[in-house]
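Everything on this sheet refers to the single structure shown next.
Naming follows writing order (A, B, C, D, E and F), and every chain is counted from residue 1.
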Amino acid sequence: MQQEIAQPILNWPSEGNARVPYRMFSDPEVYRAELARIFLGPTWQYLALAGELPQPGDYLTTFLGETPVIVTRGQDGEIHAMVNRCAHRGNLVCLKRRGHADNLTCVYHAWRYDLEGNLDSVAFRRGIAGKGGMPASFNLEEHGLKKLRVDTFGDLVFGTLSPEAPPLASYIGNLIGSRIHRVLHGKPKILGTTSQILHNNWKLYFENVRDTYHATLLHAFFTTFRISRLTSEGGVDIAENGAHHASYTRNKVDRVDQATSDQLYAGIPSLRENFRLADPSFLTMAEEFGDDTTTQILSLFPNFVLQQIQNSIALRLVLPKGPDKTELQWTYIGFEEDAPEMTDLRLAQANLVGPAGYVSMEDGAVGNFIQRAIHGSEEECSVLEMGGFGHVSEANRTTEASVRGFWHAYRPLMGL
Amino acid sequence: MQQEIAQPILNWPSEGNARVPYRMFSDPEVYRAELARIFLGPTWQYLALAGELPQPGDYLTTFLGETPVIVTRGQDGEIHAMVNRCAHRGNLVCLKRRGHADNLTCVYHAWRYDLEGNLDSVAFRRGIAGKGGMPASFNLEEHGLKKLRVDTFGDLVFGTLSPEAPPLASYIGNLIGSRIHRVLHGKPKILGTTSQILHNNWKLYFENVRDTYHATLLHAFFTTFRISRLTSEGGVDIAENGAHHASYTRNKVDRVDQATSDQLYAGIPSLRENFRLADPSFLTMAEEFGDDTTTQILSLFPNFVLQQIQNSIALRLVLPKGPDKTELQWTYIGFEEDAPEMTDLRLAQANLVGPAGYVSMEDGAVGNFIQRAIHGSEEECSVLEMGGFGHVSEANRTTEASVRGFWHAYRPLMGL
Amino acid sequence: MQQEIAQPILNWPSEGNARVPYRMFSDPEVYRAELARIFLGPTWQYLALAGELPQPGDYLTTFLGETPVIVTRGQDGEIHAMVNRCAHRGNLVCLKRRGHADNLTCVYHAWRYDLEGNLDSVAFRRGIAGKGGMPASFNLEEHGLKKLRVDTFGDLVFGTLSPEAPPLASYIGNLIGSRIHRVLHGKPKILGTTSQILHNNWKLYFENVRDTYHATLLHAFFTTFRISRLTSEGGVDIAENGAHHASYTRNKVDRVDQATSDQLYAGIPSLRENFRLADPSFLTMAEEFGDDTTTQILSLFPNFVLQQIQNSIALRLVLPKGPDKTELQWTYIGFEEDAPEMTDLRLAQANLVGPAGYVSMEDGAVGNFIQRAIHGSEEECSVLEMGGFGHVSEANRTTEASVRGFWHAYRPLMGL
Amino acid sequence: MTGVEAVVRRLELEELYTDYVHCLDADELERWPDFFTEDCFYRITSAENYEAGLPLGLIHATSRNMLKDRVSALREANIYEPQRYRHLVSSIKVLKEEGATLDLAANFLVVRTMQEGDMTLFAAGAYLDQVRREGGTWKFARKNVVLDSRQIDTLLAIPI
Amino acid sequence: MTGVEAVVRRLELEELYTDYVHCLDADELERWPDFFTEDCFYRITSAENYEAGLPLGLIHATSRNMLKDRVSALREANIYEPQRYRHLVSSIKVLKEEGATLDLAANFLVVRTMQEGDMTLFAAGAYLDQVRREGGTWKFARKNVVLDSRQIDTLLAIPI
Amino acid sequence: MTGVEAVVRRLELEELYTDYVHCLDADELERWPDFFTEDCFYRITSAENYEAGLPLGLIHATSRNMLKDRVSALREANIYEPQRYRHLVSSIKVLKEEGATLDLAANFLVVRTMQEGDMTLFAAGAYLDQVRREGGTWKFARKNVVLDSRQIDTLLAIPI
């Protein structure tokens, strides 16, 4: 792969992480290399919530990049994951998105695997009346499903196909890990799921998520209702290697007084004087996290997002579907401990996010705007200089530090 | 081409035909090479039934791979075929799927060809009033349609663009040829046609057709109603070079007693105890072929299938439409000699096959399941060891011999 | 790029412009090279009618090849054009097809540009309370939108990204320029627009437009109603370098008498004896151009068409959307000076052209017919010998001279 | 027949198609055969076959029992990915009436959605039906599902 | 107008659209002009043109004769691949009534199927029509076929 | 209820859906909340969520005021490319009636067209509604827009 992709984009701009050649978002060679080096490489990727598989035999299917994966609860009570590809002729072993089974039987020729992916039996292995069947040399042990390494962080289940990936806890690290625990303070209860098809490269969405600069400029709702402003207390934590981030806004006390803030937003379209709500009640945040953080957007390299916007909590998984196509999967959660009123509030605040979200709708489109804009500009670069050139944590969000951090983690994996 | 494709898949696995790298089903380079080396190469491909073109001037259009082809009945009463591409500027000469014409006139500039593809006239060849027109050097003879070699086997018409392809009869050979004659015992009468768009590589479907192992495991209908079981008398004939095959089931007397058979199928999902029919009458086969063969699936390399399932007879043509797209064209036939009851029975038994067929529905989907499963596994291989490593005829069907035979015929053509 | 595409199609056929390898219409490498060398290269491409942007602040969006472009009327009253890609992270700056604005503000982070594309301001450039913001080294001047050169020919506005393109007037030249002025004799008034998606390479449509040979052979309407015949007075003017053309038919007096003409069309399908109109009134041309030219089709390399068919005037822009996809944009115009009856006549005669046009419908399909026909014939060539091998102006239209002219202008740009 | 009777019958016929498609779209296939007479004829074919007078049906049933068997095969025997249909029906027309028997035509469109969420325009065409009054309700005595396209995407499992 | 009369008229209008689309979908184009008054206005345009007040029509007829000519051109002169339409019509609405003249709006969708079998969502939009009572039946005095999209796939041969 | 009354009500319900979709398709969103009762419930969800009993709504409103806020956000706050919908509605069915309250089901399909002209089959599914007689007209007391697909293309701005 290396030379294959080294060639098209040999020399990265001298500005380093402050420049990204647009080719990175459209070149099929780059995309193919990413599937191999990042999604099948030494990264941990979100698979499921442990609670989605309560019983041995429960399973669901997901993806590592474009590679289909089965996640099961084994007879041993542990969670297991394997590539959803039969060892015989490559058929999908599990056809349903979720289900329950005592074993995994391929529909094509009925080869049977246990819940950990070991091959249990091969139909007509001995043939019939001494004719046909598998050769004596055939060894069941050598033909199991390809297994993933699985590790959990709280209720979050992650997997990787790479033996080199470090243990999950150290992959995530304490800085970001503590911010995950902060949000997932109970036993997650799924309120619903949805999915968005984005017509852009997966990295354009992931950059967007990590972009603390855009939120209050693109999303008028944030600014107008002071859910978040760049002038609010807040900042961004970035893992040392740049891979993960968590941006946050603290209680609505502005760092500067409101007049100054309005002045700073003067002339910025996202401040819409004429925009009022008839029923703003659902925007009142309920005390939940024991701190004054009203919004926290967290990402784990390469494609997981944990969002807390007031009391709206969602997991997002970014699945690449081609150089210019991405699926964004949303899982909205509350906690088993939630009072009915809290559930109602979460459902009301769910209006803020997702494909129709007041503060996220634009994120579904802006990546596609870029994808369309860069045709013919493959050799030019985006400019990531807000907040300088580094990627360290800051107590401020007028910075693209965590976007630069993404590229800092991405480039070595890609040999760039 | 050779080096072009030799490079991506240089060394075929040492297991030979018992392994197939999944890349063979998804790599665009491989696909392009197949169009050139196989579909435009020294293979005979089904074009039509002679009876579809009764009169001189009758024509229909089809494909060699992705190359459009015209098939005509010439004034000489013979069947002719040519590439459906005007020698002038490359327009489709025939726009209709079937029709009748005295000559073939291109709509773009009215160049006119006879029914054998020879260029008869060029509009305004001499210009007007001595101005314009074609240069004196222009020679009609040099600008005919590109002609195919055409040969027939019974009522089946085949064509090839290659001068190297052996005569059709020896291409097919006696072993398989006699099994074609066995089924096509009368003058074919078309009962109807349909077409399926399969979202998978063409070879995944062709492997499926030749796969004697899957039928009674994937298709519960076969097993439950004993239309066919691996435990029934049966086997597979394979042409010496592996190119063609015919699998068959003989009268419903099991080779082992029913109890043993049920036992062998025990735990195999395709045996559905709880599945009963309110009106199984249509499953009663009418005496027709003068032998005890109830099912015969026959394939000719690279993309033709002749099916007899009880009294249901159909021709299938497998047309590649891209690395991961295939069109499967069905022509259901009876014979002019059929009594009305026999036609009714064939129509009733047509419920068994086609896009909605009780025993074929799954075949339309399983190729796509594989296509989706192999993302990211291009360097891994399918395992074809059932029945060993060879590709010779066997009086038993718990074998993948005829699938291996396909690869045995395929690889030299592809320089693999 | 050079070697990249030189390799697949190294040696152009010795017949020169009289042969075109079909690969030129389907090869993705060729297409990519065209985007860079032709559409982003030293060619002038139509952007708009000056009258579409009457006021400073008016803007519209279009394309150079696949690169999105903004066209504005600046505060200086001049027309300006720039690539529609924000200098920050590449977002589309203008999202609407047309609009009015005092400045161009990107929705993503509110960077603001003036109407000429200069970067005016960067949101939170100085950060907040001394934290964040752009580095001191950041210079607004260096981050404007990429500007096009803009030049006008009458009311037609053209743009190019290349500094090498000659001045527009000399690019067009007098021969063709005078034929533009002939048609655009007043202040254009838009009657309506439409767009056609053609499933073929852009050059197949552009060849069609320049093909004086096909019109009366493919389009029966022309022949039957004598709107135009090859036997009518007429000819084709071709710019010296072959790049541009104008074909024309003069008053309906045939060069040869009607009987001879009918005889010359004898056996050519486009003469349809049995085709009569109940209401042919709309085919009566109104005196307009002060000459006896009833039809004039004019093209400017690489993708602009100006059509006059009787009193129906339309601009056509040919936008490449992929190797086998093209958008054909139509702008139907009259003139401010038109009397209501003239407008009605233009609307009635608009039935002749466009996606449903009596004499243009076929042109929307024939390119796709060719695209489908050439599968597997990439190494073969179309034959362009009508009227010989040259590309000079002729007082006759039984010639493909202007199509050869296109390739004469195309090949050096592509290094072929 | 008075104006009111005509109108009432019209609405009955519309309701027949409404109930029919809701049954299929809700995957209540077990109820599907009940929309037919016991001696019904049901066939899914293409306009190409239909216009050529070719008798083939992709699904070809000559009795309600055969429809029941189709359902039990889909439930018990056949394997296909989870999917759902959405029928849109329009332009129902009475072509001919003979006593309690009516010949009807209607346009339909079927959107098929797979479990992962991809939606496709799966089928468009015309119902060419014959309905008969039976036990106070209208039943299909004949149903020809004539598809505009000769091509089926992947497979045709659920009836139309 | 009594409830019954209102209902009857409602069904007459629905039948008008039903017959109209069956005529086109069955390729009985020769009957198509009969749905219009002799002095009819027929235009196919895009919402973009329509809302901008631009008068252009892709098909633009100011008399029934011009519709007849359109049909004879399709039959005798123009060349296009075999294809068929399937119209779905929904939400017919009476916007205005003046004596025997009604202004109507309806939503439509057209699926186009080519001979090889590829089906596409060819057109969606609104009919903005005026109908008039003539010889005991409703005829289109004006028909504006307003397409949601400004783009036409390949060509527009058969009317909508 | 007499036959006539039944028929009249039927047409009233059809008109309700007709007016509702014309309002959305004409981008007259300011009128949209008026189709609902003040205490209405409106939710857009997927069949997957709906059948699993998961309460999430992509749009989730528990009052007419929340619908008004949705409209003002679309007008004043949110950024999305110009686009239009075309609804096709079919097979409206009364499921249950209780006094002045009716439970209804209907099939719908939405074609979305972007300003450049690309048209997509954006949504298909069922309306599962409850309507109530209020001030002489029918209003939606509950509207569940149940999408067949779990996937939304790009974003969901305009309500369905």
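One rule holds in what follows: contacts are C-beta pairs under 8 Å (C-beta built on N, C-alpha and C of every residue); 3 or more make two chains touch, one makes a residue touch a chain.
Every value quoted in this text rests on a predicted model; they were computed, and no experiment measured them.
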Shared interface partners, meaning chains that touch chain A and chain F: C, D
Equivalent of A-F within the choices A-D, B-E or B-D, defined by over half of its residue contact pairs recurring: B-D
Same-residue or different-residue interface between chain B and chain C, half as cut-off: different
Between chain C and chain A, distance of the C-alpha-averaged centres to the nearest whole Å: 44
Chain centre separation in whole Å, for chain F relative to chain D (CA means): 27
Multi-chain contact residues (two or more partners), chain F: 4, 7, 48, 79, 81, 88, 90, 109, 115-117, 121, 150-151
Touching two or more other chains - residue numbers and ranges from chain A: 95, 107, 195, 218, 362
Pairs of chains found to touch, sorted by chain label: A-B, A-C, A-D, A-F, B-C, B-D, B-E, C-E, C-F, D-E, D-F, E-F
Interfacial residue positions of chain F with respect to chain A in the complex: 44-46, 48-49, 54-63, 65-66, 68-70, 72-73, 76-81, 150-157
Residues of chain E touching chain B in the complex: 79, 81-82, 115-117
Complex contact set, residues of chain B against chain D: 190-199, 218-221, 224, 272, 274-280, 282, 327, 332, 343, 347-348, 350-351, 354-356, 358, 361-362, 364-365, 368
Chain D-facing residues of chain A, complex: 95-97, 107, 195
Residues of chain E defined as touching chain D within the complex: 4, 7-8, 11, 15, 17-19, 21-22, 25, 84, 86-90, 109, 111, 113, 115-121
